[in-house]
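The following pair of complexes shares a single chain, subunit A, combined with subunit B in the former and subunit C in the latter.
Presenting the complex of A and B:
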């Protein structure tokens, strides 16, 4: 009985995903026609760029890693029905933490520097996330407001940090620090970015956390509490703080991968990709996946494929990347609507 | 000295119009139980759509109307998805923020298609109230563009409507207890549709205010978080229209003070710290005045008849 049930869920989900994706794709094609671009070339560029060359594929993986982490950032607090939309802030504070450790401990061997930098990023991002949790516990100010305000503050904190004499790149035109010492740089294994490990560990960690630990059970239960369905959420201060810490730590580590793996320095706008914030795409991905721990990595990869495709479309066909943001928003609305309708059909 | 102060007050009022218009929209829909957090996206789309039309027609009135219409359209999408498909209001809000940010740039690129030259549209008419505008300090309130006067009028009208008419009482009762309102025969669904659409239209007007009054041109992401500040202002004003203007003034003051302070900071890096002031200020003020804030009881909750 259980196996057929699982099969049924799988078939239903596959159907749901393919259907919504197809509709979103059709809508995007329609926009392209309206804006007088060739929809066939556009859509094939969008979907296939990641798989045409190995460069495209590893580019996709590189976008996937922080995207996955920021997806968890939104998903974890969404479990307790709170909206952490300031993943950008937590990612930026994480990036600042990683940069400072890598700079200050740069003379040590890298097997010491890198774990410490990630630790600093996790604590920095997690601590910054916890501020919103604390404000919610103590002052009942919805995290929708507080995380956004903190996000703007952190953007200026990045600008402040990179312009400190100790770190600033004296000849950099853009606000940025000088290059990290070699010990603080994450290596590539051939073409494989080594920080894929962070993503893999995060996948296993979140799966075990939600399915096998008391904390995960409590988080899940707080979210399911019927009283919590009201917008005010439930009052379990410890759970709120723990979820915001975990969420922020994920974003912070995402920031660290960008600083130490991709840019090798702290730079204004390091938490952006394809012209928008990683954390924004994380929110969209999380809503599409519906918080399902298995669906999150798959959806995050799919979204990364779309982002790489969007970059390519902009480069080769001059189609604005915003076209793909709109497509993703449509994807979310369709997915959430259809999922809700299906739920109600099954449990009327 | 007094003239400089009057100028600063005038600048504060001009900025606070953006906040007041959008917050008024959030308050109006909030009173019917609709918590629309997508002001950021709505304002962006309205800014680019309204500016494009004002640019093409060289007519700012048409630009404002298009901004209002764009806002209303978003409000309609919001409320239909919520009422028909029961999508969570916050999920809808977040999706519309992103959809709004995306469509604003698409509209800009599709319609205006300007190259490197920043195109300018006609700005909104300015009008000094004869006599009143010459009074020191207070004069800042009366040396404004016509949209600001329109904002004064709307706040007064919204207050009169919500607190002095029967229909207004009905709207407020829906925000408190929709089921009870339904029982006594108030058209809950229709009113919620109307409140959401009118509210979003105000956000649209706030959005188009930016390019047509403040900057004179559209630029990507020009709303720059003000859409989120307006949510803070609506909460700070306890969802009361008469408190929207003073709250908006406080927050606009933060913005203008931070802007003026920068002139006195010698080192570039400390300017960045000064720039955090409006955002930190919003948070700290909300924390201090937390006890004075009231919410409509059923705000953000779906209404199911069965």
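Presenting the complex of A and C:
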């Protein structure tokens, strides 16, 4: 259900994406020159590492999965014009939930443990997200504030959980639990991380939700005009809670993939990648994609390519990984301003 | 000095893209004149005034004040040159009193409020427009607020005063007072421009009339040579619609026996008050099938609509729809039972501006099972089919159903809102100011649809601020004031002045 003429939008968007990407690339190259690095090697490392080796490619996919989920986390609540910048917290609670289920039910076969762990992660993350929604409904405290505050609480909850005697790794030099039982570990199929399935299901789910279901329509309508929506029976408080639950559930499942697939334990800082939180990159990705359900997966993959490239730049050329922040920031600023400008021209 | 016009626009043209809103317009007004600028909605009146007030820049053409060419780049320029504007909607700050509102925006740091209050008092006495200086403006009646707006313009040394549809929210008695004030202003040498679409007002209060139609000047007449017939002809040249003297389409209303049983009953209904409305305070009322029940009033109309559509707002009493209490109904269930609602403010209350027509058609029906494909999935193909039918049946001008609704004109938006309400049979339509700001043929189209519902045995609850419109198509009119019913009048016995005073003062 496209909101406007689909072909025109596609052409316009392709043009917009290529243009901003080119500018961001040029600017990044320029900064490399200023910092006395070779821009050709730098940029080609940034862009091509994901595609040079199959290791690079699957590494990219591994970053893509939680990035995609946290991008949805921001996008879904952004539909109702609320800024959920606490994806980190929802991801952490999801990770805690997955770890506890995997530890406690580890004696059961994995086809039971894994779905339960994801369920716990989704409910945990979703429930944690709903707290911000509830505070907004009840006290009009903006989620920008409440979600950030909730991140502090969840960060300490992770530290608390990993130091519980029941789970803690006594010889770990870093705050973390001992390894999960085998039944709670997500397998690789050859080089393919099996939890790619979670990403694929999420893509289909969000697409159907937003384009085909009544709930998706209500979220969209409430975002477009909460006043008119309320008059016709779409109550904003309910929509806020539902959106924050869905958003949090996405982040929570992202946390579960890290715990069960990548680290095989709950570890302090598990929700970080390439120098920042997945959820922060998720916000940037969502802003670049404009929250469009079709554009989100593609953009999230491109962002993962940049993240893997940035890691490689740091390893091989000593270019700080933060260079990728610079590029992404330029991308976001350009996209947001250009999109605003296009919108302004179409509706003077 | 006597001869020259105070303000004139010469060959002023304004185009928005391919649309020409003003087509080489010549317009001038002299001191001492009350100059009616007459035209139906969309004729270009507002565009011309926005140019004179510095909000729009003309594409070509020139503007002269006292014979000197001027460039009006912003309202500040216009105010400096002595042009004052009184907008249709109040621009006063409700929490400020009259003095504060008048002084605001001038260099108020150095002002002595006591001194200014005296000056303001003097101005208002000079032109016979008394109002309380120290009462918060939010507590004053609309007519009083308008006087404050006029004095605000005078305080800024306005020599040319533009009033944009000043009577929209006035009742008859307030209009009489406004006329007196305008005569005083013109008598003391101001040039007054009255923008309106009502012929009657021009004939009763202006000295000169300029008629605009489709961006072109159709004629300038001294009021002595103007007549209703002449003005109608100039305003609606090529339209075959018959027009009343309030510039509304004439409507045929066959007398009809309304049904025995009421479709809707209010039984001693109380609703919550808010800071914007009094709430309902014990309303008893029946609406029958086969009638249009007009509701007149300055406040409380919206509360009536909201009580039906959002029964959770009812504090005490009961509303029966087809004899059944709707107390425990959700909004969606009220709609499903056969009620449709078109709210007052099209853009803020009725549509999703950035959504397409299909999205908007679905809005009141999102809870209905007929639009479900499987379980929770929306049958968008069906919604698209219905949207296409609405576009066809209601003559909506649009490239297609996937067009963003905010790109349509006000009239076409209203047709979508009405069309989506009526595409399946309903028993009660609640409609609030459905024709505001629309051109004559659209108004006629909408009124005909309302009459059709009535003629087929449906009930229409017609909430309207405009008494002329209410009296045109209502079978009965009830007057609401401060959340209470002030009276019921049958069509035959309805008297405009009496209803107007009930609306303002109560009984």
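Rule of thumb we're sticking to: the second predicted complex is superposed on the first by the 333 of 348 C-alpha atoms of A that agree within 3 Å, B and C clash if a C-alpha of one lies under 4 Å from a C-alpha of the other, contacts with A are read in each partner's own complex, and residues count from 1 in each chain.
FYI, a residue touches a chain if its C-beta (ideal position, glycine included) is under 8 Å from a C-beta of that chain, and two chains touch if they have at least 3 such contacts.
Computed from a predicted model, the values in this text were never measured in an experiment.
Participant: What is the contact status of A:215 with respect to subunit B (first) and subunit C (second): first, second, both, or neither?
Facilitator: Touch status of A:215: second partner only.
Participant: Going by the contact rule set out at the top, does A:141 touch subunit B (first), subunit C (second), both, or neither?
Facilitator: First partner only.
Participant: Would you check which partner chain A:196 touches, where first means subunit B only, second means subunit C only, and both and neither mean what they say?
Facilitator: In the superposition, A:196 contacts neither subunit B nor subunit C.
Participant: Quick check for you: in the superposed arrangement, does A:317 touch first (subunit B), second (subunit C), both or neither?
Facilitator: neither
Participant: Taking the superposition as given, does A:224 touch the first partner, subunit B, the second, subunit C, both, or neither?
Facilitator: The answer is second: A:224 touches subunit C but not subunit B.
Participant: More subunit A residues touched by subunit B or by subunit C?
Facilitator: On the superposition, B touches more of the residues of subunit A.
Participant: Identify the residues of subunit A that lie in both the subunit B contact region and the subunit C contact region.
Facilitator: On subunit A, the residues that contact subunit B in one structure and subunit C in the other are 231.
Participant: Using the touch definition up top, name the residues of subunit A that touch subunit B in the complex.
Facilitator: Per the touch definition, subunit A meets subunit B at residues 31, 34-35, 83, 85, 135, 139-142, 144-146, 148-150, 152-153, 156-157, 159-160, 163-164, 230-231, 276, 280, 283-284, 287, 320, 322-323, 325-326, 328-330, 332-333, 336-337, 340-341, 344.
Participant: Would you mind writing out the residues of subunit C in touch with subunit A in their complex?
Facilitator: Per the stated touch rule, the residues are 309, 330-332, 335, 341, 343, 348-356, 358-359, 362-364, 366-367, 372-373, 376-378, 380, 402-404, 406-407.
Participant: For the complex, give me every residue of subunit A touching subunit C.
Facilitator: Touching subunit C from subunit A are residues 1-5, 208, 212-215, 217-218, 220-221, 224-225, 227-229, 231-234, 347.
Participant: Under the stated contact criterion, what part of subunit B meets subunit A in this complex?
Facilitator: Contacts found on subunit B: 35, 37, 81, 85-92, 94-96, 98-99, 101-103, 105-106, 109-110, 225, 228, 231-232, 235, 268-270, 272-273, 275-276, 279-280, 282-283, 286-287, 290, 299-301.
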